[in-house]
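Below, each structure is written out as structure tokens.
In the two complexes that follow, subunit A is the common piece, with subunit B as its partner first and subunit C second.
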Partner chain A sequence: MQMLSFLDTFTAFPLAELEVGKHFYWEIGNLKLHGQVFITSWIVIAILLTASVLATRNIQRVPQGIQNVMEYALEFVRDIAKNQLGEKEYRPWLPFIGTLFLFIFVSNWSGALIPWRLIELPEGELAAPTSDINTTVALALLTSLAYFYAGFSKRGLGYFSKYVEPTPILLPIAILEDFTKPLSLSFRLFGNILADELVVAVLVLLVPLFVPIPVMLLGLFTSAIQALVFATLAGAYIHEAVEGHGGEEHEAH
Partner chain B sequence: MFDFDATLPLMAIQFLILMVLLNRLFFKPLMKTLDERDSYIRSNQVDAQERLAKAQRLIQQYEEELAASRREAQALVASAEEEAQKIAAQRLAEAQQEAQARREQAQQELDRQKAEAMQALEQQVDALSRQILDKVLGASVG
Partner chain C sequence: MNPTIAAASVIAAALAIGLAAIGPGIGQGNASGSAVEGIARQPEAEGKIRGTLLLTLAFMESLTIYGLVIALVLLFANPFA
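Our next item is the complex of A and B:
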């Protein structure tokens, strides 16, 4: 993204720095890690765990305060899972789909709401964990593993019949689907979040006050939508693997 | 921008750990709470419906009893009125009879006295007519 570097000449504001493709590397042995992603993801995880502990510390029959909020979140992800997987199948998959939604949602919103860029790093900058391709690919691959696991545990080797089920002519496409699913999942999320952060950053760079606010609000909206889409598609893929063919295709965005 | 490294597997592991932790801290307890609340509400609803049915049965029973006692009261009032009318008619008849009897008695008394008076008058008529005869004829005769 060298093409954006000319914008650095405009920087008169500490908020308005733009660094893309630079990472704050941690090295463990000979492994390289993106430190900024881990820092923000730990904060996201800490938020989620704290909210969960606070919500379940003193469970009441009539929910109040944080318990009510978290019950609303739970009912929301439960509805996602239930809509995709059906009343009978959704329970074992609720933690996976729910955690996907909550992690992506809180990550995205943390990128939009927490002013990460005020915190100085030696290199790179803090941003939403989901704006790093590693995170989204990790989540998408886990989704692939999840639906393979769902298919095998439900139907054993009969799971492979879905590749030749309507007609063997579609075999290449069916195999290709297993690659396009994680690819589209990960790039959709990554692209949306990174693009949103870049747009906001560029606008802040050009006009620091007020003008970026509508774009920021739009960013909040798309962030939430992307979390919903990711969780919904994960549920749809798992459902498809569990049910075999005959289930309608859920494809969106 | 597309540099994959050890971040990817570690992120996946981290996500799985988060899932396990959230499952234990968030999904299980709250799902249990929701289920318990559901069954609580359902049992309460069944209970309330039973009570409502019972109350409606009681209302119906009371209304039937009320109607029965109202009918009874009306019958009682009707019979009492009938009896009262009967008694009144009887008394009236008795009173009329007595009045008739008294009137007849008085009439008889009147007749008797009239007859007596007539008789007495007749005697006096005799005496007086003799006196008159005496006075008129006595001088001539005498």
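Our next item is the complex of A and C:
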């Protein structure tokens, strides 16, 4: 942190502070929680809940307004799940993949669109929940659990035959793959979102007006793509676990 | 922080992100080139090609992002500081 202390001289622009690695700690028992992440995630959850309640409160045969938007969102996540899992298998996994996509998407965009810096915290700053590695690791581990559960419930103990299936020589690599999947999922999302926010913050430090706008738009685009990538990969991993063989075309990311 | 460690960390962070940008740069160039070729040959497939291309580019980009994560760890959460 001391390395970037020269940035403190730029505090003339209070909206453009860089506070990586500082957190607003909540202490519950022996645990130290990153409070800013909880606050922003709760706001994101509240946005999603309000949108879905408003959309379903008064359902029309011909959708209008927010119902239209939410129907579009539902069709979008359904297409993601259907493309990855296939027509027959996708339905039970649609809520999981859809929740992942919507939560990550709204989180990423909230970091760019909601002016969090206007809210003062004693320490640290509010930002997109996905720019904290704990959030992304939690989502990636949930994905791991989901595909283990999918494979185990579908194929029973036969699921574990995939570790020795072509040849037992590849057993270490097959086990290693189970660790690299959540690692790459979480690092990809975390790195992209944090990089977006850092680039925007540095540019705002240098030129406060107008110049950062194209980069902000690019950030919106990449964060939407990252939400899509996370949901797609979760679907691909679950499909691979359910199907056993033939999941190779989704491999090697 | 020990000045040697600080200097080494900064150089390591620069190398991490710089070297990690080379491979994905070449890969993204190849992929985009092939996509443009595909669109020129078969303009009606543009939508499908573009969707696949964007997803693939995001995957390649994540390789650079891994380097960036290492660089950020070295700068902000250096375990040797």
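Just so it is clear, the second predicted complex is superposed on the first by the 247 of 253 C-alpha atoms of A that agree within 3 Å, B and C clash if a C-alpha of one lies under 4 Å from a C-alpha of the other, contacts with A are read in each partner's own complex, and residues count from 1 in each chain.
Just so we're on the same page, a contact is a pair of C-beta atoms (placed from the backbone, for glycine too) under 8 Å apart; a residue touches a chain by one contact, two chains touch by 3 or more.
On a predicted model such as this, the values are computed, not experimentally measured, just so you know.
Asker: Which partner, subunit B or subunit C, touches the larger number of subunit A residues?
Answerer: For subunit A, the partner with the higher number of touched residues is B.
Asker: Is A:217 contacted by the first partner subunit B, the second partner subunit C, both or neither?
Answerer: It touches nothing on subunit B or subunit C.
Asker: Per the contact definition in the header, classify A:164: touching subunit B only (first), subunit C only (second), both, or neither.
Answerer: After superposing on A, A:164 lies clear of both subunit B and subunit C.
Asker: Per the contact definition in the header, classify A:232: touching subunit B only (first), subunit C only (second), both, or neither.
Answerer: Only subunit C; A:232 stays clear of subunit B.
Asker: Could you tell me if A:132 is touching subunit B, subunit C, both of them or neither one (first, second, both, neither)?
Answerer: first
Asker: Just checking: does A:184 make contact with subunit B only, subunit C only, both, or neither of them? Give me first, second, both or neither.
Answerer: second
Asker: Is A:119 in contact with subunit B, with subunit C, with both, or with neither (first, second, both, neither)?
Answerer: neither
Asker: Is A:41 in contact with subunit B, with subunit C, with both, or with neither (first, second, both, neither)?
Answerer: A:41 sits against subunit B, while subunit C stays out of touch.
Asker: Both subunit B and subunit C contact which residues of subunit A?
Answerer: In subunit A, positions 1, 20-21, 194 sit in both the subunit B and subunit C interfaces.
Asker: Inside the complex, what are the residues of subunit C that reach subunit A?
Answerer: Touch list, subunit C to subunit A: 1, 6, 9-10, 54-55, 58-59, 61-62, 65-66, 68-69, 72, 75-77.
Asker: Flag every residue of subunit A that touches subunit C in the complex, lowest number first.
Answerer: Going through subunit A, the ones touching subunit C are 1-4, 20-21, 184, 187-188, 190-192, 194-195, 198, 222, 225-226, 228-229, 232, 253.
Asker: Which subunit A residues qualify as touching subunit B in the complex?
Answerer: Residues 1, 20-21, 23, 28, 31-34, 37-38, 41, 45, 48-49, 52-53, 55-56, 59, 61, 63, 70-71, 74-75, 78, 91, 94-96, 98-99, 102-103, 129, 132-135, 137-139, 141-142, 194.
Asker: Could you please specify the touching residues of subunit B with respect to subunit A in the complex?
Answerer: 1-12, 14-16, 18-19, 21-23, 25-27, 29-31, 33-34, 36-37, 40
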